[in-house]
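Pasting the structures in now, so scroll down.
Paired with subunit B in one complex and with subunit C in the other, subunit A is shared by the two complexes that follow.
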Partner chain A sequence: MISADMKSEEGDLDEDAINNFTCELGVLSQCDGSATLCNGLTAVLAATFGPVEVRQQRELVDRSSIEVTFRGPHGVEGVEDRRVEQLVRSTLEQCVFAALHPRTAVSVVLNVLETDDLLLLSTCVNAAVLALLDSSLSMKYLPAAVTCVPVGDRVLVNPLPSERQGSSGGSVTAVYDTGSERLVACRTAGQLSAEQLTSCLREARRAAAMVRQLYRRAVAAKFSKEPRDPWAGPSRAEDMPPSWRRLGGQQAGEQSTS
Partner chain B sequence: MKPLVPSTCETNSVVDAVSKGTRLDGRELLDHREATIQFGREYGTCQIRLGNTRALATVRAELGTPRPSRPNEGTLQVAVDVTSTAAPGADRSNDLTVGLERLLERCLRESRCVDQESLCVVADEKVWQLRLHVELLDLGGNACDAAALAALAALCHFRRPHVSVTGGEVRLCPADEAEPVPLAVLHKPVLVTFAFFGDGQHFVADPTEIEERASEGLLTVGMNSYREICTLHLTGKLLLNKQQVLECTELAAARARSLTSQLRRALTADEAERTAIHPFPGLARVELERMATAAASVRLSGAVRGPALTAEQISEMEKEVDEKLSVFRHKDMAAAAEIGQGGASQWGPPSDDEEGDQDEMWPRTAETPAKTAPAASDSDSEGEQTVLHPEDLEPHAEPGTGKGLRCPMPVR
Partner chain C sequence: MAADMRAIQPESLYKLHLECEERPDGRKLDAARTTVVTRGGITTADGSAFCRSGHTSVLCGIKAEVCTPATDAPPDRGWVVPNLELPALCHHRFRPGPPSEAAQTASAQLLQLLDASGALDRTQLCIEAGQAVWVLYCDLICLSHDGNVLDVALLALSAALTDLRLPSAEWDATEERLRVKPAQRTPLKLGPLPLAATLAVFDKETLVLDPAGDEEMLCEASVTVAWAGDSMVLLDKTGGCELSLEAMDRCIALSKKRSLELKKLLDCCTQSGEVEKGE
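Moving on, here comes the complex of A and B:
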């Protein structure tokens, strides 16, 4: 049974868990907003155009129409892509201030750079939100997605593949409104008992606060006064996603990884 | 979204600047932008950044039947896609993608860059079919060069599974059993594009998107580091004479040489990193993952256990695990378990039973932690989990050289 008025539990948030995230805003030059988000072994590039002109079939008279396109890793195409698009679109439709831009479209494109399948859904949602933040589109609240896997009597949050040993294969991806801590969307996979589902949702709600920290840091970094060479990527090699490193070329002032 | 129409004053200012010998981004007329090469976790994934232009290439291979006209050769298929956010009005399939597909096929397939005969497994029955997919993520000008470099880098980086043929039966060996095999890349052709202005009088190298739109025509030269011309492609409303073409090919030769040496350095560095992440190729992958799990679960799940742990308890646990595992401190520890999945030893010259012509330009680096390999395999055979201490290890695997299991706060 999921209690209707769950409050935040006391306890320290594990700040270290947020260190599995790496993100960068404004990576693409031609679109309104873009972000790369890497969570563990999953890396997603999200880009957004909007509000822009919309095709007649998709036009809505009272609000903006949100279009999500998901490009999976090459060779993996089909119905699963549409499910990801549907989850991301329904999340964004609720959180974007669509009524401010009637008869327009906001289009979000998600490109998967790498994936380990489990964290894909939550990374896509978070990357889409970061891209919209980068494009400065008005939003009512910031949704944060977290994947939880119950292992034994514990719940692992955004686990890496090596940590998932011993799990029965069930997982929960939950999207929470980081402001009011209400559940926005939830998708489960595999077998879960009711208690496991409840505890996963509880842990996800706590972890969503960490993702909100990530958003704040990302936006603060974007508006920081550090000068950036527009031709370069992140100015420090440590900012690169762990499995994507800068190799070759001599960038001025580049520090190589130790 | 509709594509943006370039304004007349924009076009005129670009042409004017070029005729005076300057460019809008401050480069010299014949200066190229710096290319950045990044490889992904899986073999055959590569992302290239050329200024604002980004291309992502992936190579996949599967076994299939050969074409009837070439029963002894594998196949290479090229597909190019443009993300709709790469530029306003970019469509999934349009002139740009079709033109690029054809250009890449000419440059890579018809120039025999990959030895397709080495992709044959059983003549007439089974060959490797390579699928190269290039995704243009950002169009900042000169998508041609970026796409071609990405495709080439992905082909050089890619490893296909080892295949064993016994009698009539073909068996794919999993990565644990036999190391994946790189493709036989005979030469490395690179595309270099030039944009012409003022009736062919002036030209610039590596045009940006504004310069491409304002130009009268583009000349693309495909060259390898041996100064062999692999492709010549001229588009637009432009007539060139022999002198201009020769001049461009000279410049392209220099650029091709520098790009191929950059690519070679990048591939060597990537290989060295993969080996460094997994310093004990003889150690079973499961052992490594178990150790990684122990350390990582403390960091990531300490706070979400049933009873809340106090800060001291957590730091005590962390210290304990840190001491035992400080040798594995590397910022990519968790990913390490997925790379370099054990299998046959890499140390030493390639063995005779490896398929195909090995590309001798990429010898494996042979720095060997020879002393520790026997120790590791001993612990394996005993079936118990051994914790390795820093003092047991080679100097190159010093603790503190990596970044630890936690990524430093690297948000930009």
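Moving on, here comes the complex of A and C:
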């Protein structure tokens, strides 16, 4: 588990944008890549499979087809969920080297654990990118999503609900290519003036560079860990489901209570 | 010759057009197609409008129904339910069956636009708090799909809302029932209506307003910007190539100009109630 408290080698960057982030790669053992990302009160678990066999309907002869499945916090699917899927999918279609794996599918599953609605979209994009990083799929660049809220004449980056007092309800979620600093995707909510939008987009571009630091540290943390057998399951007994714990205890030669 | 090239190398042909700054249908890069708005075509609906932009046409009908507000919802607010259908008849790309992802996302976008713009204060849809509120079912059907459906659908929805006349309804507290007088109808008080403009991006920098179907298939990215009066209510760039912020600023300026044109069109259509044309 890494958090923003860890000091980066680059040092002095002001890191307000990722203060509330925590993430961990490789949390699930049965998929090709997985990540959890918490951003304030929003937590998303992402898993990727691929390149895998593709459904004939979706097969593309020149590239891999990318499928995104989003499960909202309430369980009931709605049209809003399709919009989240659409944004994540179209972002990944741009950054993954899909042409390397023609006639296959890359599937990304996003599961929302907790949400405060505003930061959901950017957290989903970042979690999907972290999961793809974990699966080592080749990517052209790393997209980074940031949500900005204008309050008065200031712009807040990834604000917590308590910090957004006094905002008019407008927000901008922008996805940047962290290499070239160009805008990949953008979606606004609520009312904004043209000036507010411009300042939000510029602020988001600055903050996207910090999200890249988070990606870098997440990968560094993953490779600094002791290599673990993915079949071994959770290493600590308290992380195991009760049924596993019993089995594991017997294998380890502990006293059986039955 | 041009027909052969269009079939074999549509992208190269389009690039040639862009070099001459004229599009295949003769428009300049920042010109929209001729747009037509007709209000009140459907007599069985409470409000209706038909919009056509080039070969893209969308029909919108609004049906008002009464319902009891849900217990977890605000008791003094009605509902608006926009639903865009992209049936198989509008384009060969669509197949009959459950609503496609495009139709679902467009419906969600229309609802978001209406809510963000504040055009319709939903407390106006309340008949008696906690007892009866109006639900406006806004059914939009795309009759012909030649690119840029969201802009046309939003224009149709806005025009249909100005055409909407709600029957007067009263809650009889003693008998605990609703009395509706369908003959007495009043229009809603509407704020600034949301109006959208879509731009297609070619060569990472070139912006093309109001893309037709072919252009939509060829373009590298598309940006939709919606305005309600002077405030922006939606900027949506989903997928496609990366853009510089300067290109984004030009998108905002161009879309603002287009939304003012559309507003003018909607205003004269509101006054006369007849067919109006605009560039």
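The rule we apply is simple: the second predicted complex is superposed on the first by the 207 of 258 C-alpha atoms of A that agree within 3 Å, B and C clash if a C-alpha of one lies under 4 Å from a C-alpha of the other, contacts with A are read in each partner's own complex, and residues count from 1 in each chain.
Just so we're on the same page, contacts are C-beta pairs under 8 Å (C-beta built on N, C-alpha and C of every residue); 3 or more make two chains touch, one makes a residue touch a chain.
The structure displayed is predicted, hence computed values, not measured ones.
Contacts of A:112 after superposition on the shared chain: neither subunit B nor subunit C is touched. Of the two partner chains placed by the overlay, only subunit B lies in contact with A:154; subunit C stays clear of it.
Subunit A is touched at more residues by one of its partners, and among subunit B and subunit C that partner is B. Within the superposed three-chain model, A:165 lies in touch with subunit B and out of touch with subunit C [touch as defined at top]. By the touch criterion defined above, A:183 reaches subunit C but does not reach subunit B. Shared-chain residue A:73: touches subunit B; no touch with subunit C. No residue of subunit A is contacted both by subunit B in one complex and by subunit C in the other.
In the complex of the two chains, the subunit A residues touching subunit C come out as 78-80, 82-83, 85-87, 89-91, 93-94, 172, 177, 180, 182-194, 197-198, 201-202, 205. The touching residues of subunit B, counted against subunit A in their complex, run 1-2, 33-42, 45, 47, 49, 51-52, 54, 56, 58, 60, 81, 83-88, 131, 133, 135, 137-140, 262-263, 265-266, 269-270, 273, 289-290, 292-293, 296-297, 299-306, 308, 311, 331-332, 334-335, 337-338, 401-403, 406-412. Remark: subunit C residues 101, 104-105, 107-109, 112, 116-118, 228, 230-245, 248-249, 252, 256 touch subunit A in the complex.
Contacts from subunit A toward subunit B in the complex involve residues 10-14, 16-25, 27-31, 34, 40-41, 45, 47-49, 52-53, 69, 71, 73-75, 107, 109, 111, 113-114, 153-163, 165, 203, 206-207, 214, 217-218, 221-222, 230-231, 233-236, 238-240, 242-251, 257-258.
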